[in-house]
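Both of the next two complexes hold chain A, though its partner changes from chain B to chain C.
Let's turn to the complex of A and B:
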């Protein structure tokens, strides 16, 4: 078969544009990567470098030499152990309360028409628009001995003595749940919205009562969102500072409060850094464990399509 | 799975309005026990609304639905004992194939050994034997559709509903599945209501087709009745190709312009009518009367000019413009012609046998 003369005359020589096309492809990849550079630089400067520096500091003793004295202190002094237990206890309780309150809320939102749900979502997110400190002090006003809740409760005859709602663990939990609830609801709501309604219809056409359809289809499919939200809340809890400081009234000492004490009161950066490192390691260990237990769970993804 | 006792479905005055739009407009429909009935209509016609009302996912404003004489219009979906196949399959992604199919059986507290047996039988029935342990996301679209089918029939429901189950598959697979679903229906024998917007699918699969538009059933009948005797311009246009000639009745005879027509059956109603012509029923005829191998037959004849000739592989579509400007379509198999196809601009004469004439009233329902 002979080629028509016209096409033979215009056929490109050699590699037929292969090298040029490869170059274009490489350039596009590079340009795409360029978009991530600012964020990458930011993460390195604000996260990786300070973390590495703190990690190094934690191995520096009071006299400036390399030593394990900061870690030794944590093992020898029982107060440190108590701080860690208290931290994980409060983080666990806060996460549990957030799940109990947030799951029904997210379910309710996911069943609303999308436009109404978006409006309700604004209400959920509204607290983010005010400062954390303002919100925390607002709780102090509500919860203290002569606060609104105790005044009204006693006036209404619900209880006679002011309830100890603040300056303790109760107050800390109330404040932390309030602050962290949206972090649970958002990913959970996303996962629930992603659940195809036809799946529930299918379940009911196959004979499932509404509660059976929920337990066997909806709940399992919402678990990835629940896990993601729960993890976020739990991890944020571990590093919480303002709320336990204000609402705990000195009786609740979480790791971050201890870190602040070490720096502000004792100027001991080594001890503070060691606390930070241990918290980081324990958190990673727990996340790994949770990942093992809930295998195949996508931490920051939504539900199944 | 033995054939279960199928139920008949009786629908009366079923109405559902969304604001001013009547998705269902006082629908009356009788579905026979064991039949394969297709609801056919364009999108937004109300066919899916009707199916959802049958399944119980949609609460109508008024009306009655009876399954075998039992009123179900207020019954919750899970109490209706209906097998349903969804457009997007709606398989549970967190269960494997076997668990999906076992789902309705477990809810009915069937013994484990019996469940295993029936799941395997259902899989065999949809030609997926051994696929039980597969994850849903390991399956192709066609396999998912079969699993959805198996799940819908495994508990031997007496009514099966299908909502455009093949619309996501490519053409070849879709056509194979049409035949398969039809054979499956014959095996299990349950009353099946099938929704589609694909007229060819409806004709291929159904015992009867109900053509739906504007929330009403425009025509119901066997595929051949619907195609060959459409009762309205809407049905004629929606199913298959058709041309329409304006006609009028003068001195007891139908005329198109000056041409008197011989028709096989007189329309029941009076008023304005059009003559519906299926393109494959028209023939090219020679100049002289009775020529072209059709001697002795009294054809209705129309003269015109070829406006366009389109080669489509198996057939040739010819667009003809009649002397008065009316467009007419004619479809011929390619082998009717030799090497040379007729050319655009050629004068042609078309013949239409009296038994192929269908007169349709212009003002019937569905034409809106």
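Let's turn to the complex of A and C:
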């Protein structure tokens, strides 16, 4: 916010006048701040305090004293490290598959006339209107040993033994990509729609082939949308619970599943809190790193670079 | 007008008086679903009627919920239904009230089914079940068979949690049932069991985490062999699933009733537990689900039909084939065993 200096500069500035203006300005700021207070209180009460509480709990041991036992456990037992590796691996793979599938889809949609594209968008958004649990169990019905895909595949002679499509990492990835694809397509589609077509025409008038025009003009302009979508997908992946629990067959242990296990096994919340804290810290570190690597790219921005 | 007002006031006073003079209220919490339905019909409602009290039923997901309530000092539950292991740990942790066995009669209970903080309500088994479409009725009969992938080729499902997972492995490794906890308590015992499970790991298609899940796996024919809770298999078999199970080498365990620490109506809760622990209530309960009574007299009073009684886990013929879960071992070792088991699962 800039000070309204214009009037003060033109008028022969009396001291009291300037002070009155400053006071007015302070009041205005206070009033504006007052408008933001309900939202701030909400964020502090529902986000900041519980997160701080979580941090504190992670430093409380089984006997209620302050200790590092919850963090020590994570270092001593190799299963924790593997859980974190598996979590980031699943998140990375899901994001990569979403990009590979979602980019062509969003590009295709952005080239369609707006009315047709809107209809197609409904198809993309349709999964949002069904419960996550229902969709996940639907995949179980489709993919399992006696499920539709294996039954048809064997009947059609495509393969003879049932394929292991679910109760493993494959099943988890299929389920997660399905759930998260719209989160990539939506911002990407928005970014692509916002790209000025005249720029592509200008490129071809300057002698670029269609693929050159795409690679040198369209792709760079769509990167902010892609980055935003990819980030959303990646971060949502890190906290996924239901899909790996149902489709992973107990073989895919992500951090959230581990948190649930720890609450059952240990007497205090610290063991579970510590996992949450480490996940939060590692995620922030990764985002910061990604931000540094992609300097100049606005991670959370819209389509106009 | 004046008389109308007085009339209303009198009526109000009468209502208020009635509520204060009315029966005491007790809150009971259990796991919901068909299990709580059976409890409600066979135990909770009839017992409340017999004691002349009002009863409120709630559902919860596990002892972690109770822990939160006790630690926050906001206990609204009196009686808590629980698994035996969770109750033993919760008791040791100090979030349950000690039970008064001068009030609750457990003189004819199966040994070990009445612990300091939780009185047994029903007995269930972790059994070996198989797909009758794959193996017919002559399915695997022992844990050695479960591990024998040459004699019984096929996909297995095993429990994702450590409770009841190590004992079968040791029996498959040749440890006689009565020596299982001795071996597990000795140094290297847990590792021996883990090593045996690692051997079978490539053949375990699913690590199940709930009773509903292992029942569904058998119903869908997703695996050929599974460990799980006997009552669930009876329910899906009735529903047409191709599943059979054996009590041979099964793990005998029980569900129990406890009183939450700081329960608002502790004394009444104790009387309530005494009531539902009577053999006639326990016999009635078996009619709704194939979980057996903890009081041996329930078999003797003629309330359970003889043929049906033979299908219950705690029937003497079945009980003698099984290994009873050792809660003391779990209180002492569960956290360490769970860590080793998690390690195996993520390998």
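Brief remarks follow.
The criterion applied here is as follows: the second predicted complex is superposed on the first by the 261 of 305 C-alpha atoms of A that agree within 3 Å, B and C clash if a C-alpha of one lies under 4 Å from a C-alpha of the other, contacts with A are read in each partner's own complex, and residues count from 1 in each chain.
In the analysis below, a contact is a pair of C-beta atoms (placed from the backbone, for glycine too) under 8 Å apart; a residue touches a chain by one contact, two chains touch by 3 or more.
Bear in mind that the values here come from a model prediction, so they are computed numbers and not experimental data.
With chain A as the common reference for superposition, the partners chain B and chain C occupy compatible, non-clashing space.
Of the two partner chains placed around the shared chain by superposition, chain B is the only one that A:220 touches, whereas chain C remains out of contact. In the superposition on chain A, A:167 makes contact with chain C only, not with chain B.
In the superposition on chain A, A:198 makes contact with chain B only, while chain C stays out of contact range. After overlaying the two complexes on the shared chain, residue contacts for A:208 are found with chain B alone; chain C is out of touch. Closest CA pair between chain B and chain C after superposition: 45 Å apart. Considering their complex, residues 196, 198-199, 201-210, 212-213, 216-217, 220-221, 304-305 of chain A touch chain B. Contact residues on chain B toward chain A in their complex (touch as defined above): 55-57, 76-78, 80-84, 86-88, 90-94, 103-104, 107-108, 151-152, 155, 161. Across the complex, chain C is touched by residues 73, 77-79, 82-83, 86, 144-146, 164, 167, 245, 249-251, 253, 258, 261, 263-267 of chain A. Chain C meets chain A in the complex at residues 62, 64, 67, 89, 93, 155, 160-161, 205-209, 220-223, 334-335, 338-339, 342-343, 345-347.
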